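There are two complexes below, and they share subunit A, which is joined by subunit B in the first and by subunit C in the second.
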Partner chain A sequence: MLRKNWLMAVLYSPALLLLGVFISIRYGAAEISFQDVWHAIVHYSPDNLSDNIIVTSRLPRALGSILIGCLLGASGAIMQGVTRNYLASPSIMGVSDGSALFVTIAMIFFARSSVELMICSFIGSLAATCLVFGMAKWVPGGMQPVRLAILGLVVGTFFSSVATGIAIYFKMAQSVSFWYNARLDQMDLSVIKLALPWAALGLLMALFLSKSVTILSLGEETASNLGMKTGLVKGIAMISVALMTGASVAIAGSIAFIGLIIPHIVRYLVGTDYRWIIPCSGLMGGIFLCFADIASRFVNHPYETPITVVISLICIPFFIYLVYKKGGKHGV
Partner chain B sequence: MRRKAYAMTVLLFIFVLLISGCGGRPAPSQGADPAGQTGAGQAQLKTVTYLGKQYKVPEKPQKIAVLAVEALEELSLLGEKPYAAAKDMYLNGVPKEIGDTLANVQWINSGSQPDKEQLLKLKPDLILTSARMDPESLKPLQQIAPTIPLSFSGEDSEANIKLAGELTGKAELANQTIEAYKKQLQTSKEQLGSSFQDKKIMYLRISTQYGLGAYSKDTTYNAVLYDGLGFKVPSIVEPIKRREELPLEKLAQANPDYIFALVPLNDLKAMDDLKNKPLWNQMKAVKDGHVYVNPVHPDLFGTPILSKKLFLEQVTAKLGSGK
Partner chain C sequence: MFKPKLNRFPAVLLTGVLLILAVIYISLTNGSFDMTLGDTINTLLRIHPDPDNTTVIFEYRLPRIVIALLIGFGLGIAGAVVQGVTRNGLADPGILGISAGAGAGIVIFIFFFQTSVITDEWYSVFVRPLFGWFGGLAAAGLITLFSWKRGMLDIQRFILIGVAISAGFSAISMYLSLKMDPDDFQKATIWVHGSIYHATWVYIAAVLPWLVCLTPVILLKHGMLDLFQLEDISVKGLGVELNRQRLVLLLCSVGLVSACVSIGGNITFIGLIAPHVAKQLVSVQHRYILPVSGLAGMLLVLTADLVARTVAPTEIPVGIVAAVIGIPYFVYLLMRGKS
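Moving on to the complex of A and B:
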């Protein structure tokens, strides 16, 4: 049964991705017909308005949502595997908020080029990850699922409060708030191209680590006894998460819950082997965010609904179910 | 032990009820004069009618506190200076179009709500604010002095300046101002002729946070373009109820011929970001150089006659020059 689900997930995913991209391109604020889509693919002309809408507005949005979903899904999978904590995810562990704080500081004190903001985003993600896990090592029982989640929430709240405070002090609250809030509808192909190498590096590291994470998910002692350098694996995993989350926040702001929920769904489909969980979480995360973005255009048509609202509506009941079912259990 | 805990809970509950009961105030009297007379003191009162509602105000108010731009621009046009004004009306400095109206004014800290303690200290005898304020927020102001919330609808510009005239004893000047504006509209219509009747002319407010903001056809400067000058209402503007953020692709598809854009002075980057977008550069208005950024100061509100008069001058000049 598990193998059949795994096979279905792998076989159907590309088809679902293509379908998601097509629907995302076809439907939006402006009227675009199937003929327009076909014309843009086959006879693209920069002077044709519909072609331009598809290529410069709809396509970046579709590709961006898939990329971000992929990065967040894979980040969540790695975090859950390394920490053996079913509540680990970039948003709950304060990784996104760390990114936001450093970007706020950069926007206020340095120049605001996209490259600088992106680098600050990575550093912020890494700093938050180190702080959360550092505190977890220091606090007795800090690595337990709920305690680690609380530490992550506390650190995340601290970072976002400091970011808000300095943004208000320097009268940059509006710019920072705009930057931080999920803005899939403002996707820019140039920013995606800028983030792509870093995102790809993070993803490759994640895939490279997947075998080690599988062993680590069995427990730290087991992994050490099998000869694994657990410290090194965790360090590389943190860097990978920082790169992927930093890139995703830099492209489109903070989007919560994907890193939390997607790995659980994937685990249900493919089992507990992280050599499948990590890539499939990336794939499923991309598909999920793509379709959630499409749904956000229809919830209150013709107006856009914030993507965070749509994702919350789907993911929060699942989150409550997780906490209820798993309780204080360790291990995923 | 359980009985003790239960008894403590009940005692705590009763204590909280007593505290909340002691903190309650008597409800304000619901009379014909809901505006408090504290600030007005023993001054002679008169009744003014504004948009179908009656207000009791001092015969000759000496200390007018202005908390919103709607009232300030009308007072400025009538040459009246308020006694006190809300500090955050203009975040980027007072526009030069306001002149010295706010010179030597007593500033009131505002933000989302005006500082009531400061207002109490200043003891104004009349408060002019905006109908954008919710009714609950008006109640404490009404306790301090008679308070009139001015409308922000483009259709009520005349009523607003007439009120300002009636309050300051310059009703005649207010009527003359209205007549002058109407005459200016007529002159502009004749000057522009019919060459723009089939053109798509739009007014937008552009910012990083709120994107491309478009307004309903009778709101702010749209009232000048469509109701005043008689331009055709573009199909993209027609369904807007009050304000809407337009996606760039929708605006590109509407492809206006002329755009009058207001961009906050501390957010001109929003315009630079737009200029990097192929969809923006493809629009007819952009290609033909018919995008006019900040033809008037972006902090002018758009509803008062002052805003409309200045905007009308600029629209006539820009369209008439054939640029």
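Moving on to the complex of A and C:
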């Protein structure tokens, strides 16, 4: 049963991904027909308007949304596995906000190049992860799912408030908000290229860790009794999450809820083994964000709806369902 | 244990009022246009008024101060009520999504019934809190509905659902406000972030009736709030219509919050901190907590507004200053709390 679902995911997702890319290229504010798409693929010429739209705007957008969805889905899966917390995810744990805060500070005070900003984004997400989990150790019962979520949310709000405050103080609000509002519509191919190695590194680490995460998800005691160095695994997991979230914030700002919801759907499909959950979360996340992005173009056609609104409206009912269903079970 | 604290009430009240007066004085004289004490007093008492000073004080600074005081008072009392009713020290109208619900209600009203977002027409300013009230009620209802399980209100789940509902309502507000005119949208964004930048006397007149009507009701029910700190069974055993009293108090506090949100936008964490400050200062009886909490709220919003106005070369929304002050305190409360 499990294996079959896993196979199904592997078989269907490339098809869905291709379909997503195709629809994403085909539909949007400007009319682009099938012939135009074909033309752009076969003989691309920079002078042709529709070719230009496809290559500089639509294609990066489709690929970028898939990449980001993939990164967020995978980091959510790792966080949920390592912390054994059904509410863990990059946005709820304040990781994306930390990343955004560091990018803001860097932009205002020293950094000029995209590489520096990206590195700051990684450091920020790592710092936020460490801070939230460090604080969870101090707060009584801080590792309980709901408590940890509240802590993460509050720390995240703090980071984003400080970031907004600093940005307004230095009159940089406009250029800074560019960084931490979700912006799939302004995808830059060069930034994606820049982030790709880091993202790939993070994903590889995640896949490499997946077996250990499965063991860790049985409980820390069980894991260390089985001879696992839990501290090491957790450390690598944190770095991997920081790399993936940092890269996704650097590409497109912070996007909430994907890292939370996708692993749950995937777990429903493929069971509890993180060797399947992590890669499948990545795939599903990519597919989901790609289609959410397409939906955002249709909700208020021909204007675009912010992707955050679309995702919130889809995911919040699910989130409430999760809290309602699981909230009272483990003494939280 | 409570005895020595009881006597502190008058002293606390007096100190609070003095502090507020001091901050009012600083707010009046400081800003992008500094004034001397003599000028201020002369202008206020209409002795040889200078037209420039008159404009600055009566058109800009004074309405703003009064609004900050009203919002702070409303949020402080509403926070104390919400914390008392839910028996939860972490409850806050902002965190729970009541403010976001009120905000969404107001945005819906603006979207459907008005072409321009923030006009100073009497009608629109006065009807706005009413729609905010409906929105706030919807939010409060949804939160209670989803966090009620097997006949009991789980506090942690209550907060988390509140956060989710708040995000949902904010998404709705954002979606609707994007469909408005770009100009109006800009104003709406500032307002959603919590700002009392555009304070005028009309707003004060709009929010005052709500405060005047609802505050006495809440103050009269202080004994009820004390009883709520007991177990449900004990309260019922005393012959109290528990759910009805709870409902009345919650309705009142939602009304207060909506009135505040309708003029000041979403200012979080004031309703959280003020009651805690009050509980530290005076006894656990709500007869003392409620007024002191209102005073603390006034002081907090006034100070936050002063900081927001004077520290940066451009205005920072008050809500952001309040969050930066409030969140460390919230974490501190979490750390002190029991597991």
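To be clear about the criterion, the second predicted complex is superposed on the first by the 322 of 332 C-alpha atoms of A that agree within 3 Å, B and C clash if a C-alpha of one lies under 4 Å from a C-alpha of the other, contacts with A are read in each partner's own complex, and residues count from 1 in each chain.
In the analysis below, contacts are C-beta pairs under 8 Å (C-beta built on N, C-alpha and C of every residue); 3 or more make two chains touch, one makes a residue touch a chain.
Model, not experiment: these values are computed from the prediction.
Overlaying the two complexes via subunit A brings subunit B and subunit C into a clash. Of the two partner chains, neither subunit B nor subunit C is touched by A:L19.
Contact with subunit B, but none with subunit C, is seen for A:N52 once the two complexes are overlaid on the shared chain. Residue contacts after overlaying the shared chain place A:D185 against subunit B, while subunit C stays out of touching range.
Legend: residue contacts after superposition of the two complexes on their common chain; A:A29 is shown touching subunit B, with no touch to subunit C. By the touch criterion defined above, A:S312 lies against subunit C but remains apart from subunit B after alignment on the C-alpha atoms of chain A. Once the two structures are superposed, subunit B and subunit C can be ranked by residues of subunit A touched, with C on top.
Superposing on chain A, the segment of subunit B with clashing C-alpha atoms against subunit C, chosen from 132-140, 150-158 or 276-284, turns out to be 132-140.
Overlap of the subunit B and subunit C interfaces on subunit A comprises residues 171, 303. Here subunit A touches subunit B in the complex through residues 28-31, 46-47, 49, 52-53, 56-58, 171, 174-175, 177-178, 185, 303-304, going by the rule given at the top.
Interface residues of subunit A facing subunit C in the complex, by the touch rule stated above, are 87, 135, 138-142, 144, 146-147, 149-151, 153-155, 157-158, 161-162, 164-165, 168-169, 171, 256, 300, 303, 305-306, 308-309, 312-313, 316, 319-320, 323-324, 327-328, 332. Residues 207-209, 244, 246-250, 252-253, 255, 266-267, 277-279, 282 of subunit B are the ones that touch subunit A when the two sit in their complex.
The residues of subunit C lying in touch with subunit A in their complex are 90, 146-147, 149-150, 154, 156-157, 159-161, 163-165, 167-168, 170-172, 174-175, 178-179, 193, 311-317, 320-321, 323-324, 327-328, 330-331, 334-335, 337-339.
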